[in-house]
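Next come the structures, one after another.
Two complexes are shown next, each including chain A; its partner changes from chain B in the first to chain C in the second.
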Partner chain A sequence: MTRPLQRPKRKDPLKKTRVPLLPQGVRSRTALGLTAAAAEGRFRLQVCADCAAVIYPPRDACPRCLSARLPFRDVDNRGTLLAETTIRTSTDVYFRERMPWRIGTVQLDAGPSIVAHLHGDLREGERTRLQLKIDKSGQAIAMALPAEDTPNMADDPQWRELTCDPKFRRVLITDGRTAVGQALAEAVSEAGASVIFVGVADPWKPFPGEGRLRKIERVEIVALDLTDTISVNECAGEFAPRVDILINTAEYVRTGGLIDRKGLTVAREELEMRYFGLTRLAQAFGPVLRARGADGVNSAAAFVNLLSVYALVNWPAYGAFSATEAACLSAAQSLRAELRQGGVKVLNAFFGPLETEWYQAVPPPKVAPSALARAVVRALQQGLEDVFVGDIAEDIRARLAVDPKALERELGS
Partner chain B sequence: MRQPYDGIVIAAPVTIPYRRYSTNTAHWWVGRAVREVVQRAGLRSSDIDGLSLSSFTVGPDTAIGLTQHLGLSPRWLDHVPLGGASGVVALRRAARAVQCGDAEFVVCVAGDTNQVDSFRRMLSTFSRFAQDAVYPYGSGGPNSGFALITRNYMKHYGATREDFGKICVAQRDNALKFPHALMKKPLTLDEYLGARAISDPIHLFDCVMPCAGAEAFLVCREDVAKGQGIPAARLLATIERHNAFPDDPIQYRGGWAMDLPEFYAMAGVTADDVDFVQTYDDYPVICMMQMEDLGFCAKGEGPDFVRSHTLTADGSFPHNTSGGQLSVGQAGAAGGFLGLVEAVRQVTGESLGAAVPDAKIGLVSGFGMITYDRGLASGAALLAGGGA
Partner chain C sequence: MGAPDLLAFAGAVAAGDIEVVDLTHTLSPDFPTIVMPPELGQCAPFRMEEVSRYDERGSAWYWNNISMGEHTGTHFDAPVHWISGKDLANNSVDTIPAANFIAPAAVIDISRQSAANADYELTVADVTAWEKQHGRIPPRSWVLLRTDWSKKIGRDYVNMREDGQHTPGPCPEVVRFLVEERDLHGLGTETIGTDAGQAFHFNPPYPAHYYMHGKGRYGLQCLANLDLLPPTGAVIVAAPLKIRRGSGSPLRVLALVPRSHA
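Showing the complex of A and B:
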C-alpha cells in the first residue's frame, strides 16, 4: 500500500536547494516514437505492418520478418510482472540520490518483454498495466502499475517523479479575471494544491466571479498584470520561490483576420497579453522554476500554457488571434527545452472554442471552462506534455495529421 | 559433420596481472600481453602474421589501429567485440585461419583499462538498446539486468542464495592460490550471505569487480609449437551461437543448449569425460545455467548439481580454477579470455595456482553482451592436453 504523502514542512531558507539532476535522456531517433506517445499519455509500440509483430525495444527492422515498416500503434498495455529487483546502487547521479529504486521485467500480453519502472503497489507475479511516461529528462520510459487502482497510488515516489501532481504543490494562476482562470483555481484546489496564487491586474477593480473566486479554499489573490514587465517582476520577486506550477490563463480573443482590422492597436494588445506576457513570465519565473526541479515533495513541476488549437493551423475567422497563438506555441516549445534542464515540464493544453462571450457567434460543440480546467489538472496528474481538450481540438488534430493543406483550405472557406 | 581442428593448438597462455584502476590505456595492456606471448613462444614480433583483438576501451582505435601501434604487419586480422564470448570466438576463428594456412602465428589478445569513471561511461553507451531501454531504468548496470534473470531462475528452479554462495566461495578458495587474483582474502558462506544488497537478489559477492588487465594466447600448428618447444593444448570442438531463444520472455538458458549434441560429437567425448569446467561467471546464476546447458545436468537441476558437488580445483567438479572473474576481477573483454587462458594452463600443466589433478580435458564457456535484457553471445570450446 502506498503511504500517503505528507504535507511538506516549511523549508529552511538556509538549507541548500538540491540541484536538479536528470536521468540519461539520450535516445535513438526511432525510440522517440515512445516519447511522442508518452507526451500524450498513449501506450504505443512499434507494430510490424507486414507481420503484425509487436516490437520492443524500438528497432529499424522487424526481428520476425525484417520488414522496415514499423509504425507506432496503440497496443494492449496489459501484462504480467515476471521478475523484479530493487536497485540499491547506481552509477548514475540522478538515480543514486533516489535509491532504492524498483524495476522489473513485464511480459506484455501483446508479446514483448519490457523492463519497466515499478509502482510500489505492484508485486512480482501480478498482473500489471504498463504506461509510457515522460521522465525528468523529457524522454519516454515505461512504468508498470497495479492492474487495479490502489489507495493513494499517485503518492508513490517513483510515480510522482514522473507526474506534476498539484497535490501539496503551490500553483500560480496568472489571470483570475477569466472564466478559465477561475475554473482552474477551483480544480487545482480540489486536487490538493497547498496554495493557489491567483494573479489579477488592478485587484481593486471588481470583476465577475470575484466573490466565488475568493471563497475557494487556499486561494490568495495577488497583483499581476501580464502586460506590465514591472508588475510581473514584482510578483515573481515576491512569489516565484513558492510557485511549483505556473498556469498561464491569459487570454485575448478577438475575431477577424488581418485586412479588416484598422491599424496595429489590437494586434499589439494581443501580443502584449499573450506573446509578451508569456515571455515576461518565462523570464521572471523561469529561472527559479528551473532551479527548483528537485526540491522535494513540492518541487517545481510544470509551466502550463493554454493554447487555442488554432495555434496549430490558422482559422481565418479568428485569423490574427490564431497567429498570436501560433507565436505562443512556438515560444512554448522553446520554453520546454529550456526548462527541461531543471526537470520541469511544459504542458500545452490545446482547446477549441470556449463557452465564453468571446466565442459568442461560434456554434457548438464548445468547451466549458470547467472542462478545460479539469483536463489540465488531469494532464498534470498524469505528467503529460500535450493534451487536446474538446471535440473541436481533437478533430483539428486528427485532420492535421492526415492532410495539413486540406485542413488549411477547409478552415478558410 | 564439421571438419575437426586437427593439428591446431593453443599455446603461450598469458595473464597480465590485473589492477583495480589503471592510468594506462588499453593499448598499453594489449601491448604488454602481445609482448609476453611473443617472448614465451620464442618468437620475434615480426613472426606474428595474425592478430585478433578484443577490447571495449581501445577506442577510437580498432584492431587495425593496433597493428601500427604495435608495429605488427599481420596478413590476417580480426576484431572480436563480443565481451564474455570473445575468447572462444577469437579462438575458433583463429584456429580455422591457421588450419587453412591464411596465417601461421595468430595472437589472440583481450585487454582493457579501467579508469575511475570509464565503467559508468561504458554502461550508458553500451548498446542502442541499453541506451533506449535499460540505462534510463535506474542505471543499475548489468547488476540489475542479471538480478531479474537471477530472481526469475530462483523462483522457477528453487535455487537459493546459499547455492550461489557455494559457487562464489569455492571460486575464492581457488583464487587464494592464484597469484594474479585481485581478491586475496578468504570468503566464507556467512560473509557471502551477509554482504550488502546491490540489486536484490544480487549481493556484493555476486558481482565481479571491474578492473584493468589483459589476457592472450597463441594459436598455431601443432608441429610449429613442437618446433618452438612450447607446451600446447589441442582444440577438440567449439560452438558459437548468438541471440538464441529470442522468444523466451526472460532468459533461463543460453545458446549452448541449441548446439550441445554437435559440440560433444565433434570432440568425440561426453560431459563425463570433462575434467574441469571454466564457465563464464559474470554472475553465479550464469554459471549454474551453463552447468545445465553444457550437459552436466538437466535444465532446472543446477541447484541440486551444485549442492551435490565440491567445486574447488581439487573437488568432484573442478570449476573456475583460477577463481574466475568473481575473484580475479573483470578486466573488460579480458574477462572473456580468462577461463580459456586458465584452461590452457591446466591441460598443459602450467597452472599458476590450484592445479586440477590429472587434468586432461577441459571445457571453456563464454557468454556475453547483455545489450537489453539477456546475454546474447554464447560459445564453448573443449581442449585437451598433450598438444606438443
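Showing the complex of A and C:
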C-alpha cells in the first residue's frame, strides 16, 4: 500500500536547489504517436490497417505483414505484469538520484508486451492497467498501475514524478476576479494545495464572489494585474520561488469579428490581458519555475493555460477573440518547449463557451466554471498536456482531426 | 505702465515668497481610472515598459515606453471631450490658446460636507456663501473643489458600490451659475471626474462636462493638495500635452501661492 505523502517541510535555506535533470527524451518520429496519445491521457498503439496486429514498440512496417499502414488507435490497456525488476543503480544521472526504480514487463491482453514503469502497489503476476504518460523529458513512457485503485495511489513516488498533482503544492491563480478563477481556487484547495495565491487586479474595484473567494481555505490574495508588466514583475519578485503550479485564469471575452469592432481599443485590451499577459507571466515566473523542476515533493510542476477551443479554429461570431486565443495557443507551445528544460509541464485546457456573462447569448451546451476547474485539477493529477473540456471542445477536437476546412466553413455560417 | 518684472517673479519663486504647490498625483499603473460599463470603451490606465536599463538593451541609458488614456491620472479636459463642446473653435488641447493654461483659482472647501456625505453636491448657496467671505469669484478663474478626496486611497477613493461611484461634485444649477454668471475658466476636482460620482442620474447627465465644455471651459481632475491652497490668491499653471485633436491629457498641475513671511 502506498505510504501517504507527508507535507514537505520548509526548505533548508542552506541546501542547494538541485538542477532539474531529464530522462532520455529522444524518440523516433513514429514513436511520437505515443507522446501525442499520452499528452491527452489516451492509450493508443499502432494497429495494422491490413492485418489488425497491435504493434509495440512503434515501427514503420508491420512485423507480421510488412504493411506501412500503421495508424495509432485506442486499444485495451489491460494486461498482466509478467516480471518485475528493481533497479538500484544507474549511470543515468536522472535515474541515479531517484533510485530504487521499479520496472517490469506487461503482457497486454491486446497482444504486445511492453516494458513499463511500475506503480508501487503492483506486484508480479497481478493484473494491471497500462497508461501512457509524459515524463519529465516530455516524451511518452508506459506506467503500469494496479488493476483497481488503491489507497493513496497518487502519492506513489514513481507516479508523482509523472504527474503535476496539486497536493502539497503551492498554486498561483492569476486572476481571482473571474468565476473560473474562483472555481479553480476552490478546486485546488480541495485537491490539497498547501497554499493558493490568488491574483487580484484593480483592488479598488469590487467584484462578485469576492467574499466567498476570501473564505476558501488556504487562499491568499495577492496584487497582480496581468496587463501591467510592473505588477507582474513585482508579484513574481515576491512569490515566484513559492509557486509550484501557475494557473493563468486571465479572461477577455468579447463578441465580433474584425470589421464589426470599431478601432483597436478592445483588441488591445484583449491582447494585453491574454497574449501579453501570458508573455509577462512567462518572463516573470518562467525562469524560477524552470529552475525548480526537481525541488522535492513540492517541485515546480506546471504552467496551466486556459484556452478557448476556438484557438484551434476561428469562430467568427467571436472572431477577434478567437484570433487572440490562437496567439495564446502558439505562445503556449513555445512556452512548453522552453519549460521542458526544467521538467515543468504546460497544460492547455481547451473549452467551448462558458456558463458566464460574456457567453450570455450563446445557447447550451456551455461549460460551468466549476466543471472546467475540476477538469483542470484532474488533468494536473494525471499529468496531461492537453485536455478538452465539455461537449463543444470535444466535438471540435474530433472534427478538426477529420476535416479542418469543413469545420472552418461550418463555424463561419 | 512698464512691462511686468518676470525676474522679480522668478526671484520670488526662488526665495519661497511664491510657493509652488504640486497639485499632481504621481502617474502610476495602479492609480484608478474612470470605469465605464464593461461593454463600452474604456480609458487605458497608465502603463510603463522598460526599453533599457543600463543593460544589453541599451548599455548606458535607462528609458521607458509609456501608454495611457488621455484621461488617466491627474488630467486636463478640453471642451471637445464632451458632445456639447464638439463644434466649438479651439476646443482641443492643441488649439487652446496657451494663455489659458495660466489662470487664478478660487478654492471652495466642501471637505466637511463631503466627509459626511459622499454624494454631496455643491450648490449655488455654497458658492454665494463662499463669496460673502472671500469676495466675488473673478471672471476666468478656476474653481477648485476642495473635498480632501485625494487623501483617500484605493476603494475609498473610487467608492464604487453596486449602484455606481459615490463621490462629491457640483449640482447642475451651480455649474450653469458658475459658467453663465461668473464666467468660470474651468472646474477642478480631487475626484475621478469633474462631476459627482452619481452624475449620470442628474439632468442633464454629467452637468459639469455638459455645461462647461459646451461653453468652451476646461476641467481638471484627480487633483491633489488642494488643502494647501488659500481660498483666493493662487495662480494655476496647467498646460496639457499638445496632442493633435486631443480631448485632454495627463499633466503636471502647479499652483503658485504667495506666502507672507510674518
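Throughout what follows, the second predicted complex is superposed on the first by the 412 of 413 C-alpha atoms of A that agree within 3 Å, B and C clash if a C-alpha of one lies under 4 Å from a C-alpha of the other, contacts with A are read in each partner's own complex, and residues count from 1 in each chain.
Keep in mind that, in the parts below, contacts are C-beta pairs under 8 Å (C-beta built on N, C-alpha and C of every residue); 3 or more make two chains touch, one makes a residue touch a chain.
Because the structure is a prediction, the values reported are computed rather than measured.
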{"item": "Touching partner for A:Glu97 - first (chain B), second (chain C), both, neither", "value": "neither"}
{"item": "Partner chain(s) touched by A:Asp50 [first = chain B, second = chain C, both, neither]", "value": "neither"}
{"item": "Touching partner for A:Glu269 - first (chain B), second (chain C), both, neither", "value": "second"}
{"item": "Contacts of A:Glu220 with chain B and chain C, given as first, second, both or neither", "value": "neither"}
{"item": "Which of chain B and chain C A:Asp135 touches, first, second, both or neither", "value": "first"}
{"item": "Superposition-derived comparison: chain B or chain C, residues of chain A touched", "value": "B"}
{"item": "First (chain B), second (chain C), both or neither touched by A:Val26", "value": "first"}
{"item": "First (chain B), second (chain C), both or neither touched by A:Thr89", "value": "first"}
{"item": "First, second, both or neither for A:Val115, with chain B first and chain C second", "value": "first"}
{"item": "Interface residues of chain A shared between complexes with chain B and chain C", "value": "none"}
{"item": "Parts of chain A lying in touch with chain B, wherever the complex brings them together", "value": "23-28, 31, 56-58, 63, 82-92, 94-95, 101, 103-105, 107, 113-117, 124, 135, 137, 139, 141"}
{"item": "Touch list for chain C against partner chain A, complex", "value": "29-30, 32, 35, 41-42, 44-45, 47-50, 154-155, 157-158, 160-161"}
{"item": "Interface residues, chain A side, partner chain C - complex", "value": "202-206, 223, 225, 227-231, 265-266, 268-269"}
{"item": "Partner chain A, residues of chain B touching it in the complex", "value": "119-120, 123-124, 128-129, 131-141, 143-145, 147-149, 151-152, 155, 196-202, 246, 249-250, 372-373"}
